[in-house]
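Got some structures for you, see below.
Two complexes come next, and they have one chain in common, chain A, joined by chain B in the first and chain C in the second.
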Partner chain A sequence: MSRVNYRIPLYMVILMNILGFLLIFFSNDFQVNVLYVGLGFMALFILVYTVLILCRMGDKFLIMIVSMLTTISILMLCRIDLEIGVKQIVWIALGCIVFFIAYVFYYKLRFLDKIWLLYALVGTGLFVMTLVLGKEINGSKNWIEIGGMSFQPSEFTKIIYILFLACYYSKSWESSFLKMSPTLITGLVSYAYIGFLALQRDWGTILVMFMIYMFLMYVYESKRRLLGFNILMVIVVGVLGYLTMNHIRVRVNVWLDPWADPSNTGYQITQGLYGIASGGYFGTGLGNGSLQNIPEIQNDFIFSAICVEMGVFGGAAVILLFFLLSYRCFKITINTTNAFNKVVGLGISVMFSLQTFIIIGGVINLIPLTGITVPFVSSGGSSVVASFAALGIMQAISAVEERKGEDYEGE
Partner chain B sequence: MKENRRIIKVLIAISFLFVAMLTYLMYFNLFVADDVLDKKLESQQWETKSFQNRGKIYDRKGELVAETVSEGDVTKRAYPYGRLFSHVVGYCVRYKGTYHLEKVYNDELVAGDRNMIFQNVNVQGKDLTLTINADFQQYVYDRLNGKKGAVVALAPKTGEVLAMVSLPDFDPETVGDNMNSQEDFLYARAFNWTYPPGSTFKILTAAAAYENGMQGRIFNDTGGFVKDELKIPNAGGKAYGEISLEDGFRVSSNQVFGEVAYELGPEKMKDIAKRFGLDTTMGGDIQMKMSTVGYKDKKMFDTDCPNVGIGQGEVEVTPLHMAMICATIANDGKMMQPYLVKEVSYDGKSIGKAKAKELRQPITKECADYIGEMMVDVVENGTGTRAQISGITVAGKTGTAENSGEDHAWFVGYAPAENPQIAVAVVLENDGTSGGGAAAPIASRVINEYLENYGIK
Partner chain C sequence: MQGYELVSSILSYVFTTIIYIFIFAVVGLVYLDIKKMNTKENETKDGGKKTIPVEDEDFAILRTVKSRMAVALKMNAAYRISGKGVVVGRGKKCDIIVNDMYLSAAQFQIWSEDGKWYIRDMDSKNGTYLNGSRLKKIKQLKTGCEIAFGELKFLFEEED
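This part shows the complex of A and B:
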């Protein structure tokens, strides 16, 4: 492996943080708290990065890309509302802990490819829990409240689902169960999950999960007819959904013409587009934009906020960072020799990429808008923690490969 | 490896998605953004202008009830009568929305369409004229005297709303300051709120009895309806002995009407209720909450009928609906659609007048006359004597509705019985008084005031 200077990206993250937090400091009437928050946040990443290097935990770029993304996110959130920003930093700190836990568990545990049944049951359990205890936020019933804190189980179900699929596609599970072949069970569980998500009206997550299923099937399934059948199902279900569900029809119509009803159904998307348009190429500058009209600004529409104040180039930078993250994940996946790790890696790569595409594409009106979170960037505990857990798994996969190489070289 | 080759293809597909996002973002900024900003400016200007030029609302005699005024930089909707019309006209608060008539007639009140605004034509919104006379509304408002409840007065032959007061109410100019849609004063007691109708519902039971040939039937009243576990005592536990159906109506015997409803059975009770408009929508310019017979989740049994027959059980009606039922009796059995806006005008010229619309005829003229006679008897010799007006024959029915709290006092009535001009429904929410004692005097004064000062002589 050729030596890459991994310090340069770290310096860039630090520089971005210093400049950004100084700007917020100036625009927030010189509150010293802002500087402490910034310092704490920087210290967090320097610490994580140092541990990563010292313990030789594999790929050095994943966490760099993610720290750049979270920096942009934190700057934006602190600018919107310092309290939300601080809360988000706490979530990111928790996310980093989960990152290491996921890393250690995934690295050490050797039976993860054997427990498909457990994955299927835990996933179903989370769904049932959501349906029974769930409360509706913004038209989707996919939140559970525990001790005053909302928690969105579907963020974690995605990861469990990827692990479940990996058991099947890595061929470590070939015996039938209750006289049903693994192929059949995989299909049944997939469609059951999609059914549960439809009950919660979580269309964005349905799209992500289904695409993960399709892509894995494309790569691994030897029966090509099965792939064709599933694609046919997507078309049938899509057309039926459009014809029978007003909710979906409204989304599609708004996508085709957001200005048909800008004060009602098109409100979110048009306000978001006004924002992007008003930012221009370089944006108004951090703290100078008018963000108060953009709905859901700290969640689904954070990309619009970034475009307002950091400009279209800022938005493009975010997309490129996700592109890099996606590319890095794919690269690790391709280099992996372990069959189970390969499937998991592919699943997580596809998950990060598609989730980004679905929400950013939705906000810029490239595709119909479905409300999901931007990984690492949207505010909200479940999304951040789940994304970091997935990143931890990816990190472990890269470490397995890297350390194997070192053993071989007899280092 | 076959898998790696395919994974690379997946990566290529995903890369395509990312490139598409970047390209579209650049395309948007180059070619679409300017249009979008224009549209934003347009819609803001349009919104401001349409609010400034929003139509006015007048009462029946042309007094201003709602208009938009500008004081310096502030443009707001002014309501000269304050709370008086809050549950008729509603409100229009910028960025907070519209309510009641301001909402129903928003398309008329809003000035022209976007294109006209940008041709710089200074178009005004259309103006509305109400069926309500503000002085009469004020008189009715004062009679309710701050008590929770509602008074509705209708013109039986046309369905015009002559007065409609709901309490609690709100100040339409300040309601937007801290809006919380859960507040119960935002619901108009007159038409957005349902109550058990109590004995006023015996009008419907009597109509069904008439249709099934029960008029003149003699019952043996022992002080209450009893069937197995079910016991429905008469008010005050009074036993009337041998009593006819008609006298049972006059004294409001629960036993008589319990027995009638029990004999008629669920199908006939539901049928008469449905014909009088329960469980159906009314349309028109008042967004009424639907009155219901209930028994949606479980079947309605014979043993449920006696309670339904006296307006208890799961029966729930709006005061406006009860006024409509009373007006139907007054109008030879024809139910008219109630309406609040008499006329739409533009630039001082009328561009549309409301026409009376018959919703349906639930009962025959003969049946309506039969019930009307009994209602006159109620006011002359029965439970409604406090609704009497000297020189005018008043027809009415009292009701005292049980519920989880204190009783609701009800009175519905119309006058003059020979040529009805006004039909009234009064409900005092959780007043703990009887309909005949507390609601009937209010109805009588409202009717008298109307006939004396506003009626067609």
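This part shows the complex of A and C:
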């Protein structure tokens, strides 16, 4: 293997798209529109990849892995409901634009590690906005509706929160503010965010944010006592939540024994498990499985849908793809020399991997189920756009490292 | 739609194959990546010592504290060291070779990063002491620090 062939993965994605959309074309009584949609999606991906190569924007793998993931997701969504699939493609297109915007901003702006106060305020502002204007969907009040389109601010708050933490842990913010030390402020802001999320009853996001905080603290904090205190707080909050919130107790009980009440509280998870079991090794084939029984199939339970129709191998492939994505993110993080970029990179790597672990673990009943989205795979605009924004930042970090030592052209 | 079901179930095998070829190709590239990392590390190992690159080279002085042992070992009164990294020990590859029987082949290393000087013990058998306490991890050095090892002592001085 002296020469590396970067093209094989690319061809595979294209082949997958062609075959997949031909199949959907077949299943939709040969409507030509489907083919246009497929071509559009493929063109979008090829365009992004070409721009990436031509402008030498750093790592090539990230977008490759993500395009495979989105391809699997789009085929699945188009099969579940063509309308959802098309909507998702529009969101992905928007996500790609946000990807480049995030890239350019992160690459060009040099003061991102100075504006911690702005991050804290924007994050709080988004939370307050959600509380005031929010709309309740599925027991969580974390949606805002603007002009007929609902949008979930907590997805973006996660990224802002990572940037905020990065200001502190990269040591570019050391002066105290209002007579409070940065350590105290970080803790206060973290717990305030968690409090806001608890008010919105968005337990999945709480878990992700708290874990990001813990991971970064574990890596960077020299005071072990602070880490111990926070772990204690997690236990206290967890136990309190379990004792006071009926919602959480139900989830935990379902996790412990999903078969106790399969027609009511355990309905979703047991249907998901039946689905995963019915798929077999290679799945029933796109369009042949019975997916109508599983609630929320296009969001949280998309992993079950993939297992039904693409089999255990398909499901394992999704996990492997996420594994490769986190490997790549961690590698970029290790290679960067800039302290701020390092923390942001670590935060985003942890965010991707944790989010995948929490939801896939929940769906296969490994851990209690909390409703969050699978990055890049679940349907839903805010999740896709936010994931692409995070990916853009990651791409910028890799580009900073790759272009180091080169003369800046045209600047 | 009998035909569709057949096509779809055949294609499910094709899809699985495609996805795994994709994963295999990416893993192959990852493998090359890791291999490249390994060779980089081996190169520094072959060089005998870890050198940390610095943009502007810093210098510092290690003064030998006078003692009967220092005279017996024919130590210089002072050593000028560069920020690229200096290893002190009994081994022939060391930058400052001290033939004291209580030392390990590589006793400790001193280097500078961004104008700050650091010292670390290279897992020596009898230990290195900084201002009287045994070195366990990387510590920062400042002018006036006393580095003791075996039966010898160095005084550290930063050069401007």
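What we mean here is this: the second predicted complex is superposed on the first by the 400 of 411 C-alpha atoms of A that agree within 3 Å, B and C clash if a C-alpha of one lies under 4 Å from a C-alpha of the other, contacts with A are read in each partner's own complex, and residues count from 1 in each chain.
Assume a contact is a pair of C-beta atoms (placed from the backbone, for glycine too) under 8 Å apart; a residue touches a chain by one contact, two chains touch by 3 or more.
From a predicted model like this one, the values you see are computed outputs, not experimental measurements.
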Query raised in the report: For the overlay on chain A, clash or fit between chain B and chain C?
Result: fit
Requested in this report: Mind working out whether A:250 is in touch with chain B, chain C, both or neither, as first, second, both or neither?
Outcome: neither
Query raised in the report: Should A:285 be classified as contacting the first partner (chain B), the second (chain C), both, or neither?
Result: second
**Report entry** After the two structures are overlaid on chain A, angle v-u-w for chain B, chain A, chain C in degrees (C-alpha centres, nearest 10)
**Finding:** 140
Report task. Using the touch definition from the top, say if A:315 reaches chain B (first), chain C (second), both or neither. Result -> first
Query raised in the report: So, does A:131 touch the first partner chain B, the second partner chain C, both, or neither?
Result: neither
Requested in this report: Give one of first, second, both or neither to describe whether A:65 is in contact with chain B, with chain C, with both, or with none.
Outcome: second
Query raised in the report: Is A:18 in contact with chain B, with chain C, with both, or with neither (first, second, both, neither)?
Result: neither
Query - Which superposed partner A:82 touches (first chain B, second chain C, both, neither) - result: neither
Report task. Could you say whether A:327 touches chain B, chain C, both of them, or neither, answering first, second, both or neither? Result -> both
Report summary line: In the overlay, chain B and chain C get no closer at Cα level (Å) than 10
Report task. Could you tell me which stretches of chain A are touched by chain B in one complex and by chain C in the other? Result -> 320, 327
Query raised in the report: chain A touches which residues of chain C in the complex?
Result: 1, 4-5, 7-16, 18-23, 25-30, 32-33
Query raised in the report: What part of chain A is in contact with chain B in the complex they form?
Result: 215, 218-220, 259, 262-263, 270, 273-274, 276-278, 280-281, 312, 315-316, 319-320, 322-323, 326-327, 330, 333-334, 342, 346, 349-350, 353-354, 356-357, 360-361, 364, 366
Query raised in the report: Given the complex with chain A, which residues does chain B contribute to the contact?
Result: 3-4, 6-8, 10-11, 14-15, 17-18, 20-22, 24-26, 28-29, 32-34, 36-37, 39-40, 43, 47
**Report entry** Of all residues in chain A, those that touch chain C in their complex
**Finding:** 1, 4-6, 8-9, 12-13, 15-16, 19-20, 23, 26-27, 61, 64-65, 68, 72, 282-288, 309-311, 313-314, 317, 320-321, 324, 327, 331
